[in-house]
Every structure is written in structure tokens, then in C-alpha cells.
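Please find one structure pasted underneath; my questions will follow.
When the chains are written out, they are named A, B, C and D in that same order, and each has its own residue count from 1.
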Amino acid sequence: MQGNLCIRWSLEPPKRAAELKFFLEDPANFEIIAAAFNQSSRFGRLQSIKCAIAGKNLYTRFFCSTGDAMGMNMVSKGTQHVLEFLQNEFPDMDVIGISGNYCSDKKPATVNRIDGRGKSVVCEAIITEEVVKKVLKTEVAALVGLNMLKNLVGSAMAGALGGFNAHASNIVSAIYLATGQDPAQNVESSHCITMMEAINDGKDLHISVTMPSIEVGTVGGGTQLASQSACLNLLGVKETNRELPGANARQLATIAAGSVLAGELSLMSAICAGQLVKSHMKYNRSNKDVSKA
Amino acid sequence: MQGNLCIRWSLEPPKRAAELKFFLEDPANFEIIAAAFNQSSRFGRLQSIKCAIAGKNLYTRFFCSTGDAMGMNMVSKGTQHVLEFLQNEFPDMDVIGISGNYCSDKKPATVNRIDGRGKSVVCEAIITEEVVKKVLKTEVAALVGLNMLKNLVGSAMAGALGGFNAHASNIVSAIYLATGQDPAQNVESSHCITMMEAINDGKDLHISVTMPSIEVGTVGGGTQLASQSACLNLLGVKETNRELPGANARQLATIAAGSVLAGELSLMSAICAGQLVKSHMKYNRSNKDVSKA
Amino acid sequence: MQGNLCIRWSLEPPKRAAELKFFLEDPANFEIIAAAFNQSSRFGRLQSIKCAIAGKNLYTRFFCSTGDAMGMNMVSKGTQHVLEFLQNEFPDMDVIGISGNYCSDKKPATVNRIDGRGKSVVCEAIITEEVVKKVLKTEVAALVGLNMLKNLVGSAMAGALGGFNAHASNIVSAIYLATGQDPAQNVESSHCITMMEAINDGKDLHISVTMPSIEVGTVGGGTQLASQSACLNLLGVKETNRELPGANARQLATIAAGSVLAGELSLMSAICAGQLVKSHMKYNRSNKDVSKA
Amino acid sequence: MQGNLCIRWSLEPPKRAAELKFFLEDPANFEIIAAAFNQSSRFGRLQSIKCAIAGKNLYTRFFCSTGDAMGMNMVSKGTQHVLEFLQNEFPDMDVIGISGNYCSDKKPATVNRIDGRGKSVVCEAIITEEVVKKVLKTEVAALVGLNMLKNLVGSAMAGALGGFNAHASNIVSAIYLATGQDPAQNVESSHCITMMEAINDGKDLHISVTMPSIEVGTVGGGTQLASQSACLNLLGVKETNRELPGANARQLATIAAGSVLAGELSLMSAICAGQLVKSHMKYNRSNKDVSKA
């Protein structure tokens, strides 16, 4: 998980902002900064720091492992401790805010794709010609063509930063609500590039989803609510993994990506087969049979 | 609400794609295309069509009023009818899919900010010096400075397309869950530019939120579930507005934007006052006192 | 060509900004606004106006035909005249600037792709299997694969808004310098999506370049310099086209797009054939043989 | 300077792509990879490697110091050597291309802002009240307000990724042509965030430009042409700096950023003072007096 700080100076700004940047990025100082950061939690461990200057302002991005927690609060606390430490070293600095949008939390931002946020997952599958034809009712070539024109070119035409997929957001939202995650983080957690290509001489389909910023936890937050806790239990990823802290959260991120892959395959096939509108009419919540059930 | 089609040709592609574009954009043809579109629903009314060509492929974006429904299904049905009509006029065209990501649904895409999607709302307020100091525990100048460095420059540094705000996504998600909206549409519905400036000789604060693509409805979908229906009732926007269809959905979008404004004011003040971490610790779900209540 | 204004209010801002937006977009007012705009030039003719509100500020984008001129100054003058007209109708408005970056000139901005700027051109070609093999020394499948992984997915990974191509900028820059265009407009004029696909049962290659915002003119600016004028003459597009004003500029934009297509084909083939580095070493300006010639 | 590779696998793709990523990012392997890279040039020195996976494809970005050369060819050669080395270690990999657009060269891409490309420069100045009034003919408050509404909010409204400035591209283009740089790199070299604020109790102006990806060199390429060479000489940055290789190129980048700052100040003041159109008419190339001179 990533948190950030925005710091500035009133006097001698450029020199001091650059000095702090070099200080934070100097490997020789990492241990002491990490010590300050890590005191706030048993699981939060500082991994690295990235700095960006804009004018006389310094934006910092703290990368930190957070065990099986999503970790946003853990990072905020750690960042606050680093801040207190820095104020001793650079007493002339002026803290603008403990969050400067360079994290970037709950906003669609490229920094999350370039440097990751939460878990970065790639999931792939090979779907045989038979399944594509009999189950998905379409053709490999049709899926590959639609993926290029819709998920790659269509999104590029729409200026869709990070949204090179069909409907990752639907699946991520559903899983987040079911497992007690923060649904507002769906914004960046559903960043996804869906790729499809024909393999084995054009017979079978290779599909992958690349999701750089899935923010999940299996402990804390909404994970302790009754239904959500039951759901995590069902998935075998409840609470902290005792043998390998962090393994449960990673597993949940993998489940999310795998489900997105399935969702992409399903919707793309429905569009190829011309069934999109029909399916929505049939399974619509407004439909009486469905509301009865 | 907006839907879209992706169409292409195998033969004579450039000429035919351009011909279809000119056909769809010719005011002389609007009435007949609208007639095809409008037959699918009592409320869905085609407003305009936008076309974009990429190579030999035509992407079309249908703008349509949808009464008090969010309207995604209404648009899909209308688009399908236009498609059937077009296949008579342009029998050589090849329909790639009824959704080509140029809509753009559940992806962070600039087209939604440039041309709008769902409702476009601007909401503003003047907060007096007294309230800023006594209630928000901060200063006008501090808020204005933080807004520039965090919401404008910080987001620009992070490559945050559409995310020039502090946490619009939190508020939009909460309202969407409470009122039966589609939480997966939070991705683009939470696009927001938050602006702050000092007015009245620097004494008072002017704050505004500009939200170009709030997708809401007060009828259909999850709005008929028990709690969600009760919540809409409480807000006085349940079902279709009989006197002015669409007025309820517009009112709900306005409520969402107003709530986002309040949320921005609250979080930004907490950051200015250095209370962000403290508040999260106090009101954390993991906190026992809270889970008891 | 497009120009823009940024206008705001101190008093009653939301109502007045919205009122001006509705005034500018009302078809009933178009004629009188166009009359004000058009008085500044023999060729500049207002086509439409697009408005966007952010808080209490109104951004307007004027679309205007400009004959064979690139037309930036023509648009600025016309906009200034509209401004003077509006100040009579809305005397309480406060003009922030005659350019509010919503044009958007010399910045990479999605608005230029969504709504176009200058000329929007699509250019395509079919390259036979024989030419791909004998001249380009590569295979159709290799080119199609590289285009997807480099120009579509690679650019998406890099957050390349508008830059879904290999090196359009090289060709646009060269043509702009040779024909007296503004090389600083290369930023948005080189926006390009390059698409490739196998056709005729995978034997031949279909390639297209889609360029939404090529800003060129054949009269005014640097077009009258000696070499640049000679070059335009050579291309048969010098000065204003007497029979169909604007046809020369459109032809020049087409030439630019065609050259970009050729450049894309050449570089992509070189990469497929593994010749990129070798070619750069051979034709490098630093190479003595070249500097002699 | 940064170069990149795109590599993929046909068999066991996910495991192998991830294995190569871990291999390239393992500090234990850096020395041997750097040795392969560095053999191609006296000045090119590998600094770090960044990897990104999309599906079964690996994109790598090589950061390298290049002395006083812009260094694109140097990086390409080094990358080619790394490639040859890797093919021994990972014989089953399939090289898609020596450039996968993740560099990202001559395209407007966020990766260049997030991780830098070429030189990253911040330049600032304090302009006293007197100069703002007497020389620039405007007011500090007007400049600060225009900067927020035009360069920050206006660009955000336009979806201007990286273009949070008034006209950096004009100045960068001019300097690149004058000093023998590659004008096609203007696309990303003109990425710039311009910031302005009132300081000293609102009396004076603080202005800064932050430019993350200025690509320049003082040796090689067009720098050896007669006029361009003379111009570099005039600036005192011709050829390789013998005492501190790289210092000349860094100085040229600093000159570019300083010139952009002056250009921003000039244009922004002209807009505030309402002189934009008038100045363009006066100094237009089409104006006879100017063409005579």
C-alpha cells in the first residue's frame, strides 16, 4: 500500500526541497527512516520512498508492506511518524498535508499503474476452441477482434486511462462488497488491461487480465462484519495468515483478478454472440420472476 | 445517458465508414433515426449522436434522455433498434459489438468529462470565516493552499485523469449503495474537480465541485430493494416524478454533488488541522466502541 | 481551428455562468454570435460553440472554418469580437483570459482527440504479402503482433494519451519544418492511432493511421518563407485554393497523414526485422559520409 | 535517457515473464547486466531497470546516464547488448521489439512524468511587484488567478496530460531548432507544470516551471551543424564537458527550463493585460515590416 506527504518551504525553497528529496532517497538514510515508519505497527514495513518535486513542493510516496491488512491507516500512521522525524531534521519545512493526492487513493491516476498500488496481479487462461464454441457460443477470431476494437482501440478513443477492459469494475465492486473491502477504492482497483489472442494455430484463445492496483485486506475494516467475514471464510482467506502474513490478502487479490477474467470472457462472448441486450432484459432486477426469487 | 456501437466494413472501408458517419450526423436524418431509437421505451428519447472513426471502424455515441431511470438498458435497447434500421440502409456493414467502450461505462475515460454522461452537476457554497475557524478548525488560506497543491497539482503530478478532488469516490459510493444505484459506476460518477478560493477580501471561502458524469436513477435496478427504496423516499425522490419525468433523478444527482462538496470540505479541513490520522483511528470500524454501537 | 475564452462572475456566479452557457448554446442566438465572430476575417466562419463549466467559471471552445490558413490568429480575433459583443449582453461577467487552455493549443489534451482540432484525417493502405516480404523484409503476422503489443498495449501501459503510434511525431515535425507550419503544434498534431490487421486470409496487411488534430495552413505564418513556399509549390498546395478555399490546407493534412502511414510502416518493419539499431548507426548524422553529403 | 524492450513467451508465459522480471530487478544481477549494457559506449552507463508485465509480455525500461549526448542511440545499442545477454539466459524468450513504447519516445506519456526521461528540471523565480506592474503591465493577483484557471483547471478540463502550462512547447521548439536537438521530441520535452503564487504578503510573485522530461544533448545528432554548433558555443555548452561529462547537457536543459519560465511569464502577462491578439497582429510574420527585416 502507498501513502504520501506534501511538504514545502517558504525560504530558499528549491535548494531545500531538493535536499530533502536527496535525503529521503539516499540508501544510507533508509534504515533510520524505516525505523521511524515501522514503529507504528507490527505488520507495516517500509519498502521504499519515491519523491517528486513540483515548484517548491515535494510530494513523497511511501511503499509499505502491510501484512494481510489493506493498510491505508497503517501507512498513514507510519507516514505521520516519518513526518515527526523529518521535522527534527528539516525544521524549516512546512507540511501542507499528510495526503497530497500522489498516493493516489480513490482517484483514477496513472501513478497507480506505473508504480502499482496494493497488489499487482496478472491472471491468464487458455480457453479451448470447443469451450469457446459450445459454452460461449462464439468464435476465437470474433473475441480477439472485439477485444482489439473495444478494449484497446475503443478505450484509447475515449481517453480511458487505465480502463482497457470491458467491465472489470462490475466484478471488483461485487467482490469488494461481499468481502468487506472499501468499494470507493473500486476506482483504481478496477484498472485492468484485458488481452486476447488466438493460439495453437488460431484454434484456442489466450486471455489475460493485468490489474496493477488491487487494494484488498482480509483483516480490519469491513472484513469483520458478519456476512463479509463468512464470505472470507468461505474463500479460505479470513484474518491474518499465521504462517505467511500477507498471503491471505494476496490470495484475495488473485481471486479478484481471476473473477475479472471470467467476467471479461463472459461479457465479451455475450457481445460477440449478440446477446448483451437480451441477457440484461432477462436477468434485470426489475423483472418480476427475479425479484420473487 | 450514453450508449454506443462499433461498426466496420470489410470492403471499401474508408468511404463507407465516412458515409455512415455523415448519414448519422446529417440533421435531415435525425428524425427517422430517433423514431427507431425511441420505439423501445416510453421515456428514452434520442437527443444527439456523436461519431468517431478509427481506421475503418466507426464508433458512435448516442445521447438520450431517460426520464428518472439511470437508463443504461433503455439506451442499449434503443441502440439495438437503430442498429436494425441501419442494417437495412447499410447492408454491407459489419457490427462488431453493441458496446465499443466509447460510451464509456465503468471505465475512467475523458470522453465522459468532455461530453458528459448521466447528469453533469456543479455545486458551490460560500463558507464564512467564522465557520471555517470555529467549526472546521482551520483557516481559509490554508484550505485554498491545500486545494491547489493537493487536488490540482498533486493530482496532475499523479496523472489523475478526472480525479482532481480529495475523496469524491467515498461519498458517491456511500450514496450509490444507500439508494440502489450501481456502485460499479462509481468509477466515472466520482469524476470531480474541487475548487476553492478566498472571497470577500480573503475572509470567506468559496468552494465548488464540478461533476460531469453522475449516473443515477430513482426507478428500476436496485432502487426497488426495501432499504434503498426507503432511503429514496426519505430524500423525496422515489420512483418517477409524475409532473416532470426526470426531475427526481436530477434531484438525486444534485444531492450527490452537494454531499461530495460537504465531504470535500470536511476532509480538506481535517488535513489542514492535522486531524486525518487521529479521526481515522477514532472512527475506525475496528475500534470496539464503534462496533458495539 | 478552435479557440477559447475563460469567463467568470463575482456575483451570483452559478446562475450567470449557466445562463451564459445556455445563451451561447441556444441555436436562436447562433446567427448573431456568428455575425460578431465573422466580421474579423474574409475566411473565418464560426461553425459551433462548446461550453464547459468548472465551478463559477465558463470555458468556451469556438469551432471555426479558416479557409487555407491554419487560423489560430483568425480565431483569436473572432473570439475577441464575440467577447466584446457578450460584454454588452452580460456586463457583469469578468473575462479571465482569451485563452483558457480548453482549446487546447500546444498541449497534449484529450479534448483535441474527442472533438478534433484543425483537420481530422484517417489514412489507410493495403500492403500485399509480396511487398511485406520482399521490400519490408518481414511478415504480416509479425507486424500485426508488434502493432498490438507496442502501439496499443505498450502505449496504454505508459499512459500515453493520444500516442498510440510508433513515431508519428518524427514525420509531422519534418513536414511542419519543410512547409512552414508551427513546429510547436507538433505536440497535438502528432496524435495518432496506428492500426494493423491481416486481411485476405492473413496474407496481406491493412494499415491505417487516425489523426484527429492536424493543424496546418498553406497561407500565412511561415508558409511565405522562401524554402517553405517552394516546398508547398512542389506539393501543389501553395497559397489559398481559389476554387475551393480550404482545399489546399486539407490536402496538406492528407499528405501529412499519408507520410505518417509510410513512416509507421517503415519503422515497424525495421523493428520486426531487427534493423532498428543498425539503421540508426548507418544513417546517423554523426556518420562522416552523411555529413559530407 | 530511457530505452525499452518488449519480450514475450509462447510456452509457460506467466511463470517465465515473472522470472525474467525478478531476474532483471534482482540487485545481485545488476552488475552483470550493466556490464553487458555498458560495453557499447564510453559514456552510456546503466543506472537501473524497471519492468512491467502485461499478460504474458514483459516491458522493460532501462535508465542510463549518457554524458553530454541526448543518448537515444546509445541506449538502443546498450539495450541490444542486454538482449543478446538475456537470450543466453532465457533462450525460450521471444523478442517482440527493441522498442515497446514504454520508453516513451515522442509520445505524450505519463511514464515520462512519473519516472522522468532525459533531464528533470525545476526552475523558479521571484518577480517583484514593481516589475509585475511596470514591465509586465499587470497585477500579481491577476497572474495567480489566471494560472489557476487556465494552466491548472483549464488543462484539467481539457484532459491535458502533462500540459499544465501556457505555451512551453513554443519555447522548447525554438531552442531545439536553434541548438540542433530533435524537434520531434518536443512532444514530451515540453511537459510542464507552471505554478504561480503571491508571496511577501501578496506583493510579489513566485513562479516556477517543473519539467520532468527534457531530452537534450550537446554532442552528436544535429549539434554539429554550423548554425546549431555556433549557438551552443554562444551558450557555452558545446560538445562534451571535459571536466564533468554531462554537465553541458544538464546546463542546456536548465537554459531550456529558464527560457520556458520567461515565456510563461510573458504570455500570461499579455493575456492578463488583454494584449494577446494585439501582439500577434503586430509581430505576425505576415506583417510586411517584419518580413522585410
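Everything that follows uses one rule, which is that contacts are C-beta pairs under 8 Å (C-beta built on N, C-alpha and C of every residue); 3 or more make two chains touch, one makes a residue touch a chain.
Just so it is clear, the structure is predicted and the values come from calculations on it, not from any experiment.
Where touching is counted per the definition, the chains common to subunit B and subunit D are A, C. Look at the contact of subunit A with subunit D and you find the same residues on each copy: over half of the numbers used there are shared. More inter-chain C-beta contacts link the pair C-D than the other of B-C and C-D. When chain centres are set by their Cα atoms, the one at the greatest distance from subunit D is B.
Inter-chain spacing, taken between the CA centroids of subunit A and subunit C, is 35 Å. The distance from the centre of subunit B to the centre of subunit C, each centre being the mean of the chain's C-alpha atoms, comes to 29 Å. If each chain is reduced to the centroid of its CA atoms, subunit C and subunit D end up 21 Å from each other. Multi-chain contact residues, meaning those touching two or more other chains, occur in subunit C at positions 52, 54-55, 110-111, 114, 153, 155-157, 159, 161, 193, 195. Partner subunit C is touched in their complex by these residues of subunit D: 6, 8, 52, 54-55, 57, 59, 73, 76-77, 80, 96-112, 114, 145-146, 149-151, 153-163, 165-170, 172-174, 177, 183-187, 190, 220-222, 224-225, 271-272, 274, 276-277, 280-281, 284-286, 291. In the complex of the two chains, the subunit D residues touching subunit A come out as 10, 13-14, 17-18, 52-56, 110-111, 114-115, 122, 124, 159, 161, 193, 195, 199, 206, 208, 210.
Partner subunit A is touched in their complex by these residues of subunit C: 110, 113-114, 148, 152-153, 155-157, 159, 161, 164, 193, 195, 197.
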